[in-house]
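Below is one structure. I have some questions about it.
Letters A, B and C name the chains as they come in the text, with residue numbers starting at 1 for each one.
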Amino acid sequence: MIEVISYLIFFLIICSFYVLSCLGLNIQYGYTGMFNVGVAGFFAIGAYTSALLTGPRYPDTVVGGFDLPIVVGWVAAIMVSGLAGMLVGLITLRLREDFLAISTFGIAISLQLVANNVDSLTRGPNGLYALPKPFAKVSDNPLIDNLLYLLLCLVLVAMVYLALERIVKSPWGRVLRSIREDEVAASAMGKNVFSFRLQAFVVGCAIMGLSGAMYANFMRFISPQDFMPIFTIQVLVMLVVGGKGNNLGAILGAIMIWTLWSASDSLISVMVTPDFQTQAAALRLITIGVVLVLMLIFRPAGLLPEKNTQS
Amino acid sequence: MIQFLIDGLVNGSIIALGAVGLSITYNVLRFANFAQGEVLAVGAYVSLALVSLMGVGIGRLGPISLGWPLLGSMVFSMLVTCLLVLGVDWVLFRVLRQKQASRITFIIAAFGVSMMVRNVITLIAGGDQLFYSFYIPKAIKIMEGVKILPDDLLILFITLISVISLHVFLNRSTMGKKMRAVAENPALAMVSGINVERVFKWSWILGASLAAVAGTLHAHITQLDPEMGFELILPMFAALVVGGVTSVYGAVLGGLLIGLSESFAVAGGGAAYRGAISFMILILVLVFRPQGILGEKERDD
Amino acid sequence: MSKARIILEVDQLTAGYVSSMMIIEDVSISVREGEIVTILGPNGAGKSTLIRSICGLVKYTEGKVRFRSKEISGLSTHEIINQAIAYVPQTNNVFSRLSVLHNLDLGAIANPDFRKERLNRMFQLFPDLQKYQETKAGKLSGGQRQMLALARALMSNPELLMLDEPSAGLSPLLRRQVFEHVQRIHEDGVTVVMVEQNARAALKVSDRGIVLSEGKLRLEGPADELLEHPSMREIYFGAAPGN
């Protein structure tokens, strides 16, 4: 019983990281129509920022190991990811959707390359370890610690959700949607289209950065393997299934897909022999691809479509 | 130095052939096909399957370390890749066209397809690297400090023939002219009596055929693994952009340039940063000269 | 005057772009071989939608269209065009980045026979096109582009030519030239159906007129009668100025 609860807590914690990233992507893609293929990259930036700031000194890195409080790490992660988003946005957001997709794709790959190769910064494939975890020493029982962490996650998710809901209902949010629908008309109305898109992009990246930091300090160990393109695909499918342009949809999609993913994970490890693990994992990815494509064809708005707020 | 030049041209040729398909899809079907890398991968794997079926190895052509068995398989794999892309178009992209889906939807769909194909390959062929053969060809010395592999010459030759055929097709054949009309203005093409869906099918066929060749050749000089398509997509997009998105010849030129750049990057900094160089060039071009070398300022559509 | 056979028949056509909103309703018209028919009406009356539906660019579920007694409802656009119908859209009606000659070549792609002869005929009708045959279509003046758009359509040797506001955006002089060209095309034996805002100028060269308003057929008859018809002003509050 304890194991079930323990697993459930773990599951929900990881789920909240996905929820946040999905909410971030929703601002970019759902509300503003910008397909950011580099979600994993901004998640990674947040994770590594927090790791380098809050983690211990490693013998083989040049930067990092400042041993700062976790709060600092997370705030920094938000800012650094946001800043990265701004840099990327300044370069790529004037481009049309195809090129934005290609560029963000390239950025994610490049970031992965950096994470893997700049050993002096990231320790390459060896990763950064012994990262501090919030509530680590609060009680003797790791279950209680994790429960507290889960509460923290839920609070943060709720805060982000409420903040985003206020933002999208505001005039700012309306402008975003008008840009998505008809960019020419929006700019004819005097709106600085580029500036709005940049803001939305930065906000989304900042949120992804936060979730990355939360991931790093929870797992206590990160390596480039944690930030593969599969993460971007997962978040994308979550958003498409749940409903783009709808924050509740993003949350729903994240929970649903993560549930299916974890369930299939357990199923595979239990039912499939080690020889066929690779194949089974491939089958799972194929399935998720089919889900994505079917949604695009039959229900492109997602399960919870965007609410039509009359303005 | 010249060694890197030759290596760069050879790799560049392969990227070029793949990028042509990307260019055609982009200009005629009007979306960035993220799944193009996977078409190359399928071409490579099908060639492997056929060669294995024949059981005589990939053959030899004089000093060249591949022969008719592989070449024949390659031609047959073209058929398979064409059927694959036509099938995916029929089931997915055509449906999205009918629903008048947005460009982003097409891109996301392509992304999904690429993931599926990649994993179908893993499912069928496993996740390990595979090789056409383990024979290491002998390099021929052509001058001081420069060696060339006979295979390289064959690859360059095949690429040349492919590009010439492409040129003839686009300029001399009726379908080629129709393709260019659809690329220019699909609505007007339709109204001029052109069967635009048919043109789309031929666009897929053209791109997929060249992709099968590119994939097989790439696998011959490196290896096969399920991620090979994923690794090639960024260089191909970079080639597309550098050469000029609106020009198919730009894709060829871009491919060669990217190949050369990668080669020199490896010479300078090491193999790991090969992937980053394509990306850097891509970004630089997008920022400073978005129309690329041979491209024209794009239509606003 | 013996009655020529009916070449185009539209029967109770109802069409729109979204299923919830029909732009034209229950429209029936017929066009005889060798006629010039102008479709008139204020903005939003559905004139463009009507000919676009005939060409298969707008799908319709109610009504039928017959060309030369053969039903063409539901055929795809290219199949309809290949029946010897040509259509010149109002905008975006040339291949801008291709040369004039290339545009004309593409016009003939639906019907490649006698291409050379027709090309010569086009150069006769539109001497400017011969002069600028290597120029990219996008670089031509507005009037020249319109000529090219017409010529492209004629290169397929159509029996029925449909024009969507051929004089739109042109100066009065060019407008007159366009209508002169329409007459000469007509003399070559082509049936012409055109949508026009410039009612008077169009009716002057037409045999018959059809007036649409708010998606419905309001008036039809011989051109000279329509010109004088009292209801025209009432229906047509968008009458073109200075005709």
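In the analysis below, a residue touches a chain if its C-beta (ideal position, glycine included) is under 8 Å from a C-beta of that chain, and two chains touch if they have at least 3 such contacts.
Remember, it's a predicted structure, so these values are computed and weren't measured experimentally.
Of all chains in the assembly, none touches subunit A and also subunit B.
In this assembly, A is the chain whose CA centroid lies farthest from the centroid of subunit C. Chain closest to the overall centre, judged by the mean of its C-alpha atoms against the mean of all protein C-alpha atoms: B. Our note on geometry: subunit A versus subunit B, Cα centroid distance of 32 Å, whole angstroms.
A separation of 43 Å divides the Cα centre of subunit B from that of subunit C.
Rounded to a whole number, the gap between the C-alpha centres of subunit A and subunit C is 54 angstrom. Contact of a single residue of subunit A with at least two other chains is seen at no position.
The residues of subunit B lying in touch with subunit C in their complex are 174, 177-178, 180-181, 184-185, 187-196, 296, 299. The touching residues of subunit B, when paired with subunit A in their complex, are 26, 31-32, 34, 92, 95-96, 99, 101, 103-105, 107-109, 111-113, 115-116, 118-120, 122-123, 126-127, 230, 233-234, 237-238, 241, 272-273, 275-276, 278-280, 282-283, 286-287, 290.
Here subunit A touches subunit B in the complex through residues 29, 33, 35, 37, 91-92, 95-99, 101-103, 105-107, 109-110, 113, 116-117, 229, 233, 236, 240, 278-279, 282-283, 285-286, 288-290, 292-293, 296-297, 300, going by the rule given at the top. Residues of subunit C touching subunit B in their complex: 55, 57, 76-79, 81-82, 87, 89, 92-98, 105-107, 109-111, 152, 156.
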